[in-house]
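The first chain written gets the first letter, and so on, giving A, B, C and D; residue counts start at 1 in each chain.
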Amino acid sequence: MGDYKILKEKVPDFIKALDKFEVFAPVKKGDTVRFEKIDDPSRATLDFSNTNVPPKELMFPETETLFRYRVVSTEIEPKVPSDEEKRVVLGIRPCDAMAFSIVDRLFGWDFPDPYYQKRRENSILVGLACAEPCSNCFCTSLGGGPANEEPLDAILYDLGEFYYLKTITDKSEAFVSSAGDALESAGDSERAQATELAGSAEKKIKRTIKTEGIPEKLPSLYDHEFWTQYSNRCLGCGICTFLCPTCHCFDIQDEIEAFDGRRARMWDTCMFAEYTLHASGHNPRPTRKERTRNRISHKYSYFPTKFGVIACVGCGRCINFCPVNIDIIDVLQKSKEV
Amino acid sequence: MSNDFEPNIIGFLCNWCSYAGADLAGTSRTHYLPNVKIIRVMCSGRVNPLFIVNALQQGADGVLISGCHPGDCHYLEGNYFARRRFVLMHKLLEHVGVDPRRVQMSWVSASEGAKFKDVVEKIVSDVKEAGPMDQFRRRQLNW
Amino acid sequence: MVDENVLRDKAKEILSSGEVRRLIGWKRGTYGYEAAPCVITDASQADDLIFDATCVQNPASFITLEEKLPVPRGQQPDTRKIAVMVKGCDSRAVVQHLVEKAYIRDDVVILGIPCRGVIDRRKAEKIFGEAPQPVLAVAEKDGVVIRVNGEEKKVSREEILADKCLRCRYPNPVISDYPLGDEVEKWADDDFSDVSEFEKESPEEKWAFWEEEFSKCIRCYACRNVCPMCYCVECIVTKLKPQWTRRSTDLSENTVYHIQRAWHLAGRCIECMECQRVCPMDIPIMTLNRKLTKDVKELFDYEPGVDAEAQPLLASYNPQDPEEYIM
Amino acid sequence: MMDDSNPYLPYIAKIEETWYETPGDRCIKTFKVNFADEKVWETWSHKPGQCAMVGRLGVGESMFCISSSPTEKDYLRFSIMKMGKVTNALHELEAGDYITVRGPLGNWFPLEEWEGKNIVTIGGGIGQAPLRPVINYIRANKEKYRNLTVLYGARTRDDLCFQPELQCFLEEEETTCRLSVDVCEDKDWEHFVGFVPDLLMEVSPSPENTIAVTCGPPIMIKFVIQNLEKLGFKPDQIYTTLENRMKCGIGKCGRCNVGHLYVCKDGPVFSYETLKDIPEAFA
């Protein structure tokens, strides 16, 4: 499709030109980087390793209203995102983008989820190829890569003075046409530089795991002692799951303010005991051993059995942020050995 | 802040002293400001400091806790515990940026109807100055 | 400081004696600037144990994190002790557990390790970048010798040690059954100047600061789970009846969650700073805890986690307690 | 089916009648409900074994099996034990109040496949609720099935649900019905005293051309299945239902999985053939 380039100092102009869209881009606050809606183009940054919170929050927010109601009446007012909210998401890392194509399968399964799907359809995803993968990245082991294009609509490469923009799908035409003169045309030399950048980035990825056989093996380790080694030091917090781009579990709760109410859904995690706790007090996963096992097995066995793809993209967040050094690569490696 | 602002204040009054004090103020036809909505508790020691936070969250502009004078507690020592907790919670809220005038505590005995009136007047005028509590109030944002 | 061989030998001795069911310590991680906490049950695993400046985690947290399933009919519960390795700050958590009667003194075997400080991952990453290989670091009197990515370097303590270590008042464990290694000299003190500085700001400035910080929170509850003092069977934030805090994340609920969390640590926080270390969103959680620590010290002359015979602060009173703010 | 474009939107239903099945702290109350909008019936169709999310606005919703058979027209029945937050709130409601119903959800008992066979239902406690539509469906289509055996037990005599109907099964000639209670000091209790798996062994139904359906507490299901296997039932002749905590009911929210199966979507009805290799199923 098209090849363009954007001079780095023109990025704010470029964002400003996209006024037909809601633009989302990474914003730095101290050392944390997170996607936010951009009102002031100077706040956006494309100079980051990866965001702390993956861009899944743009399609599947931490908390979202499903519908509103008045407690005294029986009127229900759905809050499905409207078709009007066209979005451009700038600067998605290719691993996080790949996560969308995995989670799409779940939210599109059987009963399609209108909230997620509407946002997904209305969003134009503009990726940002990795030049410097972080030390715990292992995307290449899961079919991704520093410049993996699936399911992006366009991708940016940082080539020093400027970004090279390669459009991939028809959807990206809409935003390219509205970007105006912030974009310059590019050609074969930029394309070649981009390929080189992707190649050199790929070589910098140190960590790997061979996933063959894992989905078949994990169920046989159901009662295995090796889960205890990891769960013994697990805190049972939600970091690994909340920050995972493919984790999609949620809780639904009703909230009322005087007579106004809403039913909302919010992120939930299989690492919390109350996640599976029955009203009777029985808990099918009573300790962290079962919960750790479920998290890993769900990603590497249950999800692939059901949806045909491993629910992990190798972004390395669960390793980077784990306070007690539970390293999913190490767990998987061990699971192959025992 | 506009002068028409009428604050909502939740008052947690102990059953044995302060509630009786408020009652005395009422029966002796002392006029006190109607901004304080009273919740009767058995002892000021019953007031979990999270009640304060929860009240502020649910729309109160100020919170008043009132109990027996130290040494006079019906349960002997409930108000001593309440005092420690209150002072710390007060400091914590102040550190988060809540105006310290919003949260107050007083000792009002069953015979101090007049003092109760003064306490109410003080907290109402303080909270009026502080303005509406909108820092971490539950609002229907993005509902 | 302690010789790792002494540590391992002691661990082997304790484990093979059969008096303990698990031993909590540290082992080398698989990457980065932090070691991994580990729970071992057999003397053969004791050779994995380490202690150096990468051992940041507080093993005392794992004493109360142990989950016990109901004992099957006809079997006896395992009532053997838990052995735990502690640094100075970690040992205060054990003391505070004993004060609160979370368990009794006879339930734990404490291996005390004098400590010259542990490194702060965030500071280290700024100096040396990411470390794909596990890092080795030894804190010495005049600096920290650190081995990152195959290179050995020495940096000053101020540059790399965690903030808690730069104001450490208890470098040696305050309680222990087996003191391992020679005591180290106390070299820092805490004047709470950071808290006093923040106190000077106006309510508006304070709230502007917290508004930004609290709105970042994703409520993963890592700060709660890692805290050695947070060991309630059912936490108030997850209770549904009554529901104090909603599960939804917004400024209001996040603020109340953090006030609740800090409040529940009033007079109990032993300043291991684990909550702030684990936060994936870099919220300065300790700023709230330290405010309370300072006030508790000033108002009630109380310091948690020092004296195992003390009464818990909020379960006791003094008729002469200060009465400021009370009408 | 529900509103196709948004599976999270419930129907509003009006409670027409309520009554208690059992007394006590954990009493079971039955709600007979009708949709506020009668037009829903034009598109609504459920099968025996299917579930629905029943909720109260402002409190939340939980998954319950629809305990009325599709052969019972113009109303839905839910039998709900008072247990947690939502069920307590539902128990406060009476005729004339409104609830929300989202469904039908999940799979169902493959009753068409079972035509021409003997059916044995083995229920325990509130586990009789999902079996009730099966029994009523079979009784309404007698000519298609051979013998129906109903085995049902509860802790005490008072804890037996649907007592008027049970009386009717006992009197009916074409239905074999056996009841049991775990403990009984009552002299005129003429039925079995003991656990349901033991009742099953006493009745010892023949596995010949028979399907066994069981539902009840997990521990009962476990032993019933063991005993059925002793009697010579093959895994594909045994059907059971599972339950787990659920929030969405449509295979999205994740929590109800046993192995790779979602109880809400792939279940709640499972053949033992499917479950026998999933250790988590009876956790």
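The criterion applied here is as follows: contacts are C-beta pairs under 8 Å (C-beta built on N, C-alpha and C of every residue); 3 or more make two chains touch, one makes a residue touch a chain.
As the structure is a prediction and not an experimental result, all values here were calculated from the model.
Undergrad: A-B or A-C: which has the larger count of contacting C-beta pairs?
TA: The greater number of contacts lies at A-C.
Undergrad: Please identify which chain has its centre, taken as the mean of its CA atoms, farthest from the centre of chain C.
TA: D
Undergrad: Whole-Å distance, chain A centre to chain B centre, using C-alpha means?
TA: Going by mean C-alpha positions, chain A sits 46 Å from chain B.
Undergrad: If you average the CA atoms of chain A and of chain C, how many Å lie between those two points?
TA: 31
Undergrad: Rounded to the nearest whole Å, what is the centre-to-centre distance of chain B and chain D, using the mean of the C-alpha atoms as each centre?
TA: 52
Undergrad: Where in chain D do residues touch two or more of the other chains?
TA: Residues 84-85 of chain D touch two or more partner chains.
Undergrad: If I count partner chains per residue in chain B, which residues reach a count of at least 2?
TA: In chain B, residues 138, 142 touch at least two other chains, as defined above.
Undergrad: Could you list the positions in chain A whose residues touch two or more of the other chains?
TA: 251, 253, 268
Undergrad: Tell me, which parts of chain D touch chain A in their complex?
TA: Counting only chain D, the residues touching chain A are 5-10, 12, 36, 55, 57-62, 83-87, 98, 218, 243-245, 247-248, 250-255, 257-260, 265, 277-280, 283.
Undergrad: Over in the complex, which chain C residues touch chain A? Could you list them?
TA: Chain C residues touching chain A: 22, 29-32, 34-39, 57, 61-62, 65, 67, 69, 122, 130-132, 212, 216, 218-222, 224-226, 238, 246-250, 274, 277-278, 280-282.
Undergrad: Along chain C, where are the residues that touch chain B in the complex?
TA: Residues of chain C touching chain B: 198-199, 203-211, 214, 236, 244, 250-253, 255-256, 259-260, 262-263, 266-267, 287-288, 291-292, 295-296, 299-300, 313-315, 317-319, 321-327.
Undergrad: Spell out the residues on chain A that touch chain B in their complex, using ranges where they run on.
TA: Within the complex, chain A contacts chain B at residues 65, 68, 79, 257, 260, 262.
Undergrad: Enumerate the contact residues on chain B facing chain A in the complex.
TA: These residues of chain B touch chain A: 138, 140, 142-143.
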